[in-house]
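Here the chain labels run A, B, C and D in written order, and each chain numbers its own residues starting at 1.
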Amino acid sequence: MTYKIAILGASGYTGAELVRLIASHPSIEIAALSGNSKAGQSMAQVFPHLRHLDLPVLTTIADVDFSGIDLAFCALPHKTSQEVISKLPKSLKIVDLSADFRLRDPAAYEKWYGNPHGAVEIQKEAVYGLTEFYRDDITAARLVAGTGCNAATGQFALRPLISAGVIDLDDIIMDLACAVSGAGRSLKENLLHAELSEGAHAYAVGGTHRHLGEFDQEFSLLAGRPVEVQFTPHLIPANRGILATNYVKGDAQAIHNVLEKAYEGEPFIEVLPFGEHPSIRHIRGSNFCHVGVVADRRAGRAIVIAALDNLTKGSSGQALQNANLMLGLPETEGLMMAPLFP
Amino acid sequence: MTYKIAILGASGYTGAELVRLIASHPSIEIAALSGNSKAGQSMAQVFPHLRHLDLPVLTTIADVDFSGIDLAFCALPHKTSQEVISKLPKSLKIVDLSADFRLRDPAAYEKWYGNPHGAVEIQKEAVYGLTEFYRDDITAARLVAGTGCNAATGQFALRPLISAGVIDLDDIIMDLACAVSGAGRSLKENLLHAELSEGAHAYAVGGTHRHLGEFDQEFSLLAGRPVEVQFTPHLIPANRGILATNYVKGDAQAIHNVLEKAYEGEPFIEVLPFGEHPSIRHIRGSNFCHVGVVADRRAGRAIVIAALDNLTKGSSGQALQNANLMLGLPETEGLMMAPLFP
Amino acid sequence: MTYKIAILGASGYTGAELVRLIASHPSIEIAALSGNSKAGQSMAQVFPHLRHLDLPVLTTIADVDFSGIDLAFCALPHKTSQEVISKLPKSLKIVDLSADFRLRDPAAYEKWYGNPHGAVEIQKEAVYGLTEFYRDDITAARLVAGTGCNAATGQFALRPLISAGVIDLDDIIMDLACAVSGAGRSLKENLLHAELSEGAHAYAVGGTHRHLGEFDQEFSLLAGRPVEVQFTPHLIPANRGILATNYVKGDAQAIHNVLEKAYEGEPFIEVLPFGEHPSIRHIRGSNFCHVGVVADRRAGRAIVIAALDNLTKGSSGQALQNANLMLGLPETEGLMMAPLFP
Amino acid sequence: MTYKIAILGASGYTGAELVRLIASHPSIEIAALSGNSKAGQSMAQVFPHLRHLDLPVLTTIADVDFSGIDLAFCALPHKTSQEVISKLPKSLKIVDLSADFRLRDPAAYEKWYGNPHGAVEIQKEAVYGLTEFYRDDITAARLVAGTGCNAATGQFALRPLISAGVIDLDDIIMDLACAVSGAGRSLKENLLHAELSEGAHAYAVGGTHRHLGEFDQEFSLLAGRPVEVQFTPHLIPANRGILATNYVKGDAQAIHNVLEKAYEGEPFIEVLPFGEHPSIRHIRGSNFCHVGVVADRRAGRAIVIAALDNLTKGSSGQALQNANLMLGLPETEGLMMAPLFP
């Protein structure tokens, strides 16, 4: 059986990544593509790398015919997403890639995103989309909220450790190297090649990055008490990939054991042998996440490093993985392609 | 039915690219991998991006058991390749990615490669592996010689034009921008990141590049008279992709018509609308080749630009396309993945 | 003696490059900086790499006090530049980096730039700013029109050859690899790191690039007859540098001899030994231009390759070189810094 | 007066950087250049970006005539350096860029470098070359040991804080993003453009990086008790620059005050306004170090970020700054060039 899906917001990078992935998916068909600012254009005009595909023309959201569509991916900016989703048919399954339904507490949403939540009722039914940890809920869900890409990376490294109680919850430092596609196709001076190339700088330093809302929510829930990590993302001159270097206090070998056990049988999470650690060049374009653990020279301290592709496992690949579950398809369908290297 | 293949020389970039592609192929299974200098290692050690795959350990070529293997890909250096292939079972189908069997004339081989050919008898049965132009021969062949990556790019732009007689054969200038993976995993100062990044330079200037042997052979054959193009490759700071800018004398619109007709129905060759031209960022990691034609301001002159991924359509993707034909499989099987962008 | 200068349009890349160069100049002092859209900001805010310098705050052009200023650099967009310069004191020496005064024929200006020229009288006194070829005129000039960066690169390769009559004037093909800073600090999708990095594409293909106006004007003047070159620039993923690969018909050795003689004693033009050719990584950040000549395998054809830094020798370095002459200073003052490598 | 210097090991990146800097120095002249593996070649052959300079031909060290030479820069590999320096004239002033004389305790040297020190007597007279903190000793020294480039970056961020007692000495985490030229011109697979570009990975994780020897020595000395920081360097796809993100416990505003006061009047150290932080793109090719402080959302925690160019302020610029002092020249001579951006 083939399911029909729509992608709302197909003119951004995560939208294009969804098209790339679904184009090879045996059981899902793209029935509609929207992109308000580019309505009327073909995907080949907006994304020439997709020109070999026979795709619907981009329309406005208003012009999408949702009858016959099983599931919609919303790759829209936050705030726009909640407005759009409020008006979609209630029977439609939805995977939202924006930040709008990630935070369960509307007050937390307002704190991190600066505006009151406009679809509180819908938010109540949203399931947090970190597949490996919310698999059953996602399978049963109508609305799944895709995670932040940094938030996914950090959680793959730390969730099992917090659950298992093997690290000090008051001294977690998460230092990220983030490739530039995570910032989207936005026209900003610091995203220009001439500025970013040969550069490297931190951003949202000191605890102002919005993905902290997700860390606070999820880690506190796991720990049963408030957990506030330190989190500093850095922008580096690469297109895809997040490398999260986590400094934790705990026994490195015990930490490795916990991770190995937690991810045993997981198709997309690869725990490296103890002492090895990952590189973003080895997960590019794939849905895999590599996690490594190294003991520090100081006893009782460890470095846990996770790497994934922000556009794939960090957003659109995760979204498709969730959609597979929601549609009753095998979770890995269309997602097992190997990374592109070099 | 599943066919079993071996990859000889799996520790280089084209070997790894074959593994990447075949890992998603529904009808081909990797039965053996050799890499003499890395024998005994796992592919995960040599190429960590492949660590999620269950692959045979690397062995020496001598240790490969060819019984039960239907086809071998040889991704070995030239000269080594002819020595190895001479000793392989005569029943084995072979796709060779080296330069050893591309040139039909042993004298031409010696001229361009500097050593006498050591397997002249085998060379006689080799079919030149530019799939779109040698499809029937390849389907029937036991030994197919994969083309040079630059040679493929230039031929996709020019072959139909030479056949149709729409361009001046004495004034063809081919100017290439080549990404660095084409140089292989070789340890040379000018391939270091610190040297190549922020650089751009020509190489093999003036008609010394070995792929000219292929152009001379093929274009002269098509034209029925000697054709010698001018050809200057440039190394640019990118990992994958070849952009061939061809300066020809002829009517641009006629040229475009010829190309459109020549590639009608071809699954991998996309001729862009007249006046548009391609970028390597739009074919990365895929088996597609984009071709565009623009008229020059001077009447009777045109610019024909072709773009492909040197590791995929330029070598390993082409090799798999040929193997599909040789094994009686659909030509496009395992090769329709969309390019990776950004 | 110290001369005082103003930089109008200091918030773009060429403006910042002028500041970088003049900051180390022993006889020139920066008295005023304008940048209308950033007026009121310090240069450290707009260009943090200049934060160690004690510089005037950015003002509007209207707020610049030109009394006491000896020379103004105008690093403004074309069209704006002619409007601004029309209103500047007639006693002020001016080096204009825009396209506004490069073309002597107002009709040619209108053809290439799309609008009628608005300062025809002033244009009459403008001297074309290719220092090595207009040295005496520049020394005596009040207004010097800096050349296009691509135009400079191509002319360094070809002017002496056209003058000496050693190449066929009807078959000149100029193929350029251009780094991205030449496009300025403009917010365009194709200049984003995520789009440009790992990309390479031609632009203004077929004879539509505006710098052709300069080539046509200068080459025809030199030849005493119309000369129309073919010219295809390519954007590559690097920040600084232009590599111009010129395909000409003529005797390579004679061509090399002409270039060596033409540039004998020139402080900034380095003619490489016969058969060698340059790379942009070897001129980065400097005022040098490297030129090389290689014979093609086909008799009577040669490849002439020139490399320079578009922001330095291609614009701001050239501008300072001209200003030195106009102020009676040694031509090389403040410009002999070595390239930055790696 | 002009001083004559020799550069031993001029065929590596730090050697070439010394030549670049000294070429513009008004009071220092390059009298000899050695490079054993490239002896007999000109610098233009080894480093074409220096072809405009009139430089001595590379010789072996044995062939350098040290009479008349005031100071030698040794840019040799560690271990080789101590052997060479042992045999140099005792009257010669020496700035060593290797690791051989950085650690005062021979046991520490052996621990970090794996071999017993072979020149213990000479080591006793070596002064640690972090100019801003050892200025008087360096002025009087015969032998100065240049610091590690990572070691310099971390110390600029942390030394004043340790001295002032404003941070917790037991919880210092230093996370570095390092450009690739720090690895030198060495032929390693992971330094190839095809591998490093689009990559990012940690190395020497867990406290095994040799520069920790310097941190341990210097920080413990300042604190009067053992201090062991955690230190994880990451390799990023850029050519020049180190960004050190330091996680410390202490009052952010107090930390900023200490740094501002400590670096008041320092010509090369720029402390950014409170809350701002640096990027490596703003110090490229210069001798400046930018330092910023941001308060974390968690009270009592701060992030201190320092950026410098590993080849300039991190090695060759520092070496020249020290040489200026040793020769009685103004400390900043030849070093005030602005960074290259973009």
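Quick note on the criterion: a residue touches a chain if its C-beta (ideal position, glycine included) is under 8 Å from a C-beta of that chain, and two chains touch if they have at least 3 such contacts.
Protein names from UniProt, one per chain: A, B, C, D = N-acetyl-gamma-glutamyl-phosphate reductase.
Source: prediction; values computed, not measured.
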{"item": "Target chain D, source chain B, minimum contact steps", "value": "1"}
{"item": "Contacts common to chain A and chain B (chain labels)", "value": "C, D"}
{"item": "Comparison of A-C and A-D by number of C-beta pairs in contact, larger one", "value": "A-D"}
{"item": "Per Cα centroids, the chain farthest from chain D", "value": "B"}
{"item": "Geometric centre distance via CA averages, chain D-chain A, whole Å", "value": "39"}
{"item": "Length of the line joining the C-alpha centres of chain C and chain D, rounded to whole Å", "value": "36"}
{"item": "Distance from chain C to chain A - Cα centre to Cα centre, in angstrom", "value": "45"}
{"item": "Residues of chain A whose C-beta touches two or more other chains", "value": "13, 181, 194-198, 237-240, 278-279, 281, 284, 342"}
{"item": "Residues of chain A defined as touching chain D within the complex", "value": "171, 173, 175, 177, 179, 194-202, 205-208, 212, 228, 230, 232, 234, 236-241, 243, 245, 247, 277-281, 284, 294-298, 301, 303, 305, 342"}
{"item": "Contact set on chain A toward chain C in their complex", "value": "13, 180-181, 183, 185, 187-189, 191-198, 237-239"}
{"item": "Partner chain D, residues of chain C touching it in the complex", "value": "13, 16, 19-20, 23-24, 47-53, 181, 198, 239-240, 270, 272, 278-279, 281-286, 288, 290, 336-342"}
